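Each structure below appears as structure tokens.
In what comes next, subunit A is part of two complexes: it sits with subunit B in the first one and with subunit C in the second one.
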Partner chain A sequence: MPLIDPTVVDLSRLQFALTALYHFIFVPLTLGMTIILAAMETTYVITGKQVYKDMTQFWGKLFGINFAIGVATGLTMEFEFGTNWSMFSHFVGDVFGTPLAIEGLMAFFMESTFIGLMFFGWDRLSRPAHLAVTYLVALASNLSALWILIANGFMQDPKGASFNPDTMRMQFNSFVQLVFSPDAQAKFVHTSIAGFVAGAMFIMGISAYYLLTNRHKEFAARSIRMAAVFGLISTLAVVTLGDALGRLDDLLQPTKIAAIEGLWHTTTSPSAPWLVAALPDDKTQSNVFEIGVPYVLTPLITHTFDESIPGLIDLEAAAGPKILNGIKAIDALQQYSTTHDAASLATFKQYENDMGYGFLAQQNAPNQDLNAITPAEMPAVVQQTELETIPNVFVTFWAFRIMMFLGFYFIALFAFVAYFSLKNQLENKRFLLKLCMFSIPAPILASEFGWITAEAGRQPWSVYGWLPTFQAASSHNVGYMIFSLIGFALLYSLFIAAELYLMFKYARLGPQSHDHAAPVSGTGALPMFAKPGFAAKSWE
Partner chain B sequence: MEIYVALKIIWAVLLGVLLTGLAVMVGMDMGVGTLLRFVGKNDAERRTALNIIGPHWDGNQVWFILGGGAIFAAFPTLYATSFSVFYVVMILLLFSMIMRPVAFEYRSKVDAKSWRATWDWAFLISGALPMIIYGAAFGNVLEGVGFHYGWTGQYYQDESFLSYLLNPFAVMCGVMSLSLSIYQGGTFLMLRGVEPIYSRARLFASCGGLLAAVIFAVGGVWVSHLNGYVFTGVVNPGMEATPLGGPAVAVQAGAWLNNYNNHPILWLAPVLGFVGMLAGTLALRLHLKVLAWWLGAVAWAGTISTVGFAMFPFLMPSSTNPSQSLTVWNATGSAYNLGWMLFFAAVFVPIILSYTSWAFYVMRGKVKTETVVNDPHSY
Partner chain C sequence: MKTFAKFLGLAVVLLIAIVLAVLCGDYGPWYFAWLVGTTMIILIAVAGGVLFETQLEIQKKGS
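Moving on to the complex of A and B:
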């Protein structure tokens, strides 16, 4: 069975990464803003103060501009597994597709149906009913994240399924193990709350702009206080959960944690330094330079003072026997696929757990045929494959650090803003307010780098230990990939331009209070963002 | 009957239900999108038409997303193969589908003629193209698709994408699908719309219903001469789900009518399809809008089950390697997975249907132009 053209694999990876990263510009804001909108509307329903309704509606408007592209680009994600990762879909669809389908049934239907009522139902629903609708949207968008990250959790740590040689795929066998996969659960909380941080920063930044320009001051002061407190709590939770994820990766994905820490050699003493900065060189498998703080790494990763952390070079060596077993497993499996005999099945079963390493070795075999490896060639094949069992260290190391440094920056920023806001001294702190404004994209950037850490750090696997990424793609030709890449690039560029234009336009315009007590036909109600003469205009 | 076989059949039925729900609900929005430029002659009228489906398009669209997810989970091999084999067509579908949410949210947020005209074109493309592709997919699958599998289950494509785009039978199916969606969208515009949208929508919907009926009849005759697929080897419905090493399959002209000849009761499906289209058109001539909307749903259900009954148990036959054709027996998920999926569907589908109905109830009544242009929340 020939391998897929490496150019097609690279282009498929590029397309998936670009469309996923692009989708994830909009997701964190959706996750966070729905929660904050629910909190604002709750305050409105309890206090009855118009300013909180204005807040809900204004931030809701900006939320809507963001949400539309989130939905649009989410469509791409749901279908891209099938269009570009056919082997992946075949190999794990029986277990990976299930959380995606449940996400649709349980969460996305609810979110999308009620979001219509949230935007259009202000005059048709009672206050508590509308509040309930807003809560359901917030609940559903976060439930969505839960099921998506359960699916992602399976790629990181395949739990709840086993390989079936008769169907040549992994088959679902434990709902509980799939859903309560520790990686999925920790990542869900980590990612959702990272979204809360993004939502809080967004509101804080735009409110800061109003304070700086002396507009909508009461509105902005209330918004910024809510956002700063909420953001501070959320960032602390994100960092805590991130630490828990690190501990899990140490146990489940040692290659990822070693790459994150730029750790080439297994630690021998608790004094091993945690690297603040380094220049990992993937070719020579060493760090060109490094700045570290001793005695931090071991307790940080293992939560103990005596456990050692395996380094990448030692992990590569440890993969050697697995590669040998994997090659035997794949040979036996191929034999079994034509003969269905008990002997090859028994051989396969013996080496089954390492079969992924056999897939991995295929690209180094003569003519990409594992059967054709002679005993003399075997050591070279194994040695070459060992080097391919670890991710790109430079990317993983720096993606993680950018995310983490940003996280600590957020804690400081939220803490200062919350402190001065509670002391009513915020308006004089112009530098701080400007910092808030320019920090709006930062949490989204942090989320993106978090995704890169998780997914680049998982390489060379699409399903950790079972299916290498280069085996998972669809067997397209290069022309197809160029066609879709150009199309996505064009459309997505136009979208982001339109999105930013509208965001700036409506953020600059700012909130405008108006009373919604008017009846549905509401001729008395003023459009919130209308320009003079807007309503009457028609282009006959 | 073996539990696994029962689960496979239940999921084949649910696939039909899902494809029907998708066609009715998404098709309705697509129909409105397609008609937007024609039922609305000026900006205020177009905004009115948009706001008729404004509160509902997002929820409806989840039928499409759920369609992807459910096929992924319940028919993994079908998902893996069909989406890749139809790559260029699927990508065109995606491009047009992703324009739509943005078009809804952004169109009326800028008060400039060229901006809005651009988004109106986006509505036309993102309404018409997906419905044509949706119908054409059925046409291509009925004719058989060129693919085969390697020993690991990786698919290989044996045909150029042009044979799917330029296939006359498939294009005809696409036009029928578009006609039905124009019917469904037009009917909903009548339900919620006022003059002059009402009368224009009524005209287009009537044409859509009649055109669909004509194509359905022509398609029926065409299919009776088309190559169908039949098992010639021993079939074991409870088999492990893999397209590799299954029973032999032969290609025979007219074989898609075998199920109908063996079980004449199945003719009820095409009859329902015709009743839906013709009685529906009659109903909207008589201004019975609610009845006409439901008859449109009957027309879709009849059409999709007509195709399903003709092909059962085939899902996507392979024209280049017929014994690797995907069927209800060899393309599903495992019994454990189908069981859990059935549990979630049984719990959540009734919940979804209730809150969807509630949302339509809350937003009931005519959408008036002056309300739309004065409401800050409208599209």
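Moving on to the complex of A and C:
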């Protein structure tokens, strides 16, 4: 009977993917809205106009709802590493746990403390002091993301640690290398600013709703102006930083970039087309259908005009020798763990860098035992493992394209809205306003597809080149996994329902509703973070 | 004395900012880009808000 049940691994992956994707519905809004709140409050401090204070308070209230539910969905994920990914936690816990702990102790506590001051400190703090608090909330929420992305950066490009054959796990070499890993850096800026886009679209969409319904017009016109300008620059930054991340992937994870581009064969000429659309077939390892633009792929990926880009079939073939070396490394490691002799340690060190490929071959060995592979079986095991060194191309290819097409749509939308807002003609553009309203979830969707690209593209590894995903899971039974999966799905669906209910309720009520009973039928008036006099609007 | 203390305090902040910028620029270019970029995004959004008020004032004066 195999040691690792592939069904349990698949269910663990599904559960983590679901909880992470659920959690990430809330994260981009938190990242973006805190920064926009800081911008709005800065405008309040500069101009002294009450409307900007009201804007900060109203959008801050919607941010508060999102933050509270977002935190609840994030907490469970950290426990999942222990419950469902115990082998992963054992293997890289020393390294991976550190940024997560710092995130909890530094960023999250800082964020929680200053959020309290931000909501309840309006009458207790001076204007500059309150502004500083709002900036600290913005900084803390983004610092929180930073530490999570540093942890994720280690999974994408393990820097700052090495494998210790005595403890059988990865141990720290350099905290600085971990924190300043290029992948962590590029991913942080890309993800954080993608959150800015989500925050801007959220404010722009709800403001568009007010303009369409002729309510809170002055409030909405100012909000939409700031959100559109903020969103336009943020989207341009996200696209640029995404390109930088792509270049890094080309250098660090060639299988991911080849999957993103649906590239089965190594490019030999600068005229290689960039595929706008294709139907990659993972079984036949080819594209059934392609629409491409010539001369775009090479400069886009390599930032040169003559560098070749390795294709997936060639990358599979290149993995063959690494798989053989990895099997030797694990054999030497097993010997060393019983004998602790210098010879087996030296052999292990010789092949150590390919150890992960040996782990990967384990799933194709008889009874998942590498020692049981006969010389006659070895070529078949290596060949089968080679096929498993690349990610699912169809998923990676389309997840990336959906994210990217949405990104360019956002540039156009923000640009048009900013332009008509600057010309004071936005109120007449009802189609554009409706587009803004219906585009509220689009940046969150783009972020979700970005994560699918990053994580599906990293497969078959949980820690790139070191630990295959199938070896990282805990040894639960299928029944337990199905039970906990259903539990999580139900619980998180409730969270989403609560978020949507509260968001719709308070967005419909609008900034004026706090001291008045239900201006919109059926919504009621529930004061939240409100204080007397909040609804006195001299600006409208 | 108060002005001098304020000047000294701001000078220290400036010095820390320069040291951070040099260190961050060398070892964490993307982190540095985020700090500078986010500040710029905020300032341009604020400028958008301030411009709105100016446009409104011009409109009021014109009518």
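Criterion: the second predicted complex is superposed on the first by the 509 of 540 C-alpha atoms of A that agree within 3 Å, B and C clash if a C-alpha of one lies under 4 Å from a C-alpha of the other, contacts with A are read in each partner's own complex, and residues count from 1 in each chain.
What we mean here is this: contacts are C-beta pairs under 8 Å (C-beta built on N, C-alpha and C of every residue); 3 or more make two chains touch, one makes a residue touch a chain.
Given the structure is predicted, the values throughout are model-derived calculations rather than measurements.
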- Have a look at where A:Arg124 lands relative to subunit B and subunit C in the superposition and call it first, second, both or neither. first
- Message: A:Phe188 in the overlay: touching subunit B, subunit C, both, or neither? Say first, second, both or neither.
- Response: second
- Query: Does the superposition put A:Ala39 against subunit B (first), subunit C (second), both, or neither?
  - Reply: second
- Message: According to the stated criteria, A:Phe394 is in contact with first (subunit B), second (subunit C), both, or neither; which is it?
- Response: neither
- Query: Of the two partner chains, subunit B (first) and subunit C (second), which one does A:Val95 touch, if any: first, second, both, or neither?
  - Reply: first
- Looking at the overlay, does A:Tyr409 come into contact with subunit B only (first), subunit C only (second), both, or neither? neither
- Message: Between subunit B and subunit C, which one contacts more residues of subunit A in the superposed model?
- Response: B
- Message: Output the subunit A positions appearing in both contact lists, the one against subunit B and the one against subunit C.
- Response: none
- Residue numbers on subunit A that touch subunit C, as the complex places them: 35-36, 38-40, 42-43, 46-47, 49, 52, 142, 176, 179-180, 182, 185-186, 188-189, 192-193, 196, 221-222, 225-230, 233-234, 237, 241, 244, 418, 421-422, 424
- Message: Using the touch definition from the top, list the residues of subunit A that touch subunit B in their complex.
- Response: 1, 4, 57, 64-65, 67-69, 71-76, 78-79, 81-84, 86-98, 100-106, 108-110, 112-117, 119-122, 124-125, 164, 166-169, 171-173, 175, 334, 337-338, 340, 471, 474-476, 480, 483-484, 487-488, 491, 495, 498-499, 501-502, 505-506, 514, 520-523, 525-531, 534-540
- Query: If you look only at subunit C, which of its residues touch subunit A in the complex?
  - Reply: 27-31, 33-34, 37-38, 40-42, 44-53, 55, 59
- Note on the structure: Per the touch rule above, subunit B residues touching subunit A in the complex are 41-44, 51, 54-59, 61-62, 64-66, 68-74, 76-77, 79-84, 87-88, 90-91, 94-95, 97-102, 104-106, 109-111, 113, 150-157, 161, 240-242, 244-245, 333-334, 336-337, 340-341, 344-345, 348-349, 352, 355-356, 359, 362-363, 368, 370-371, 373-378
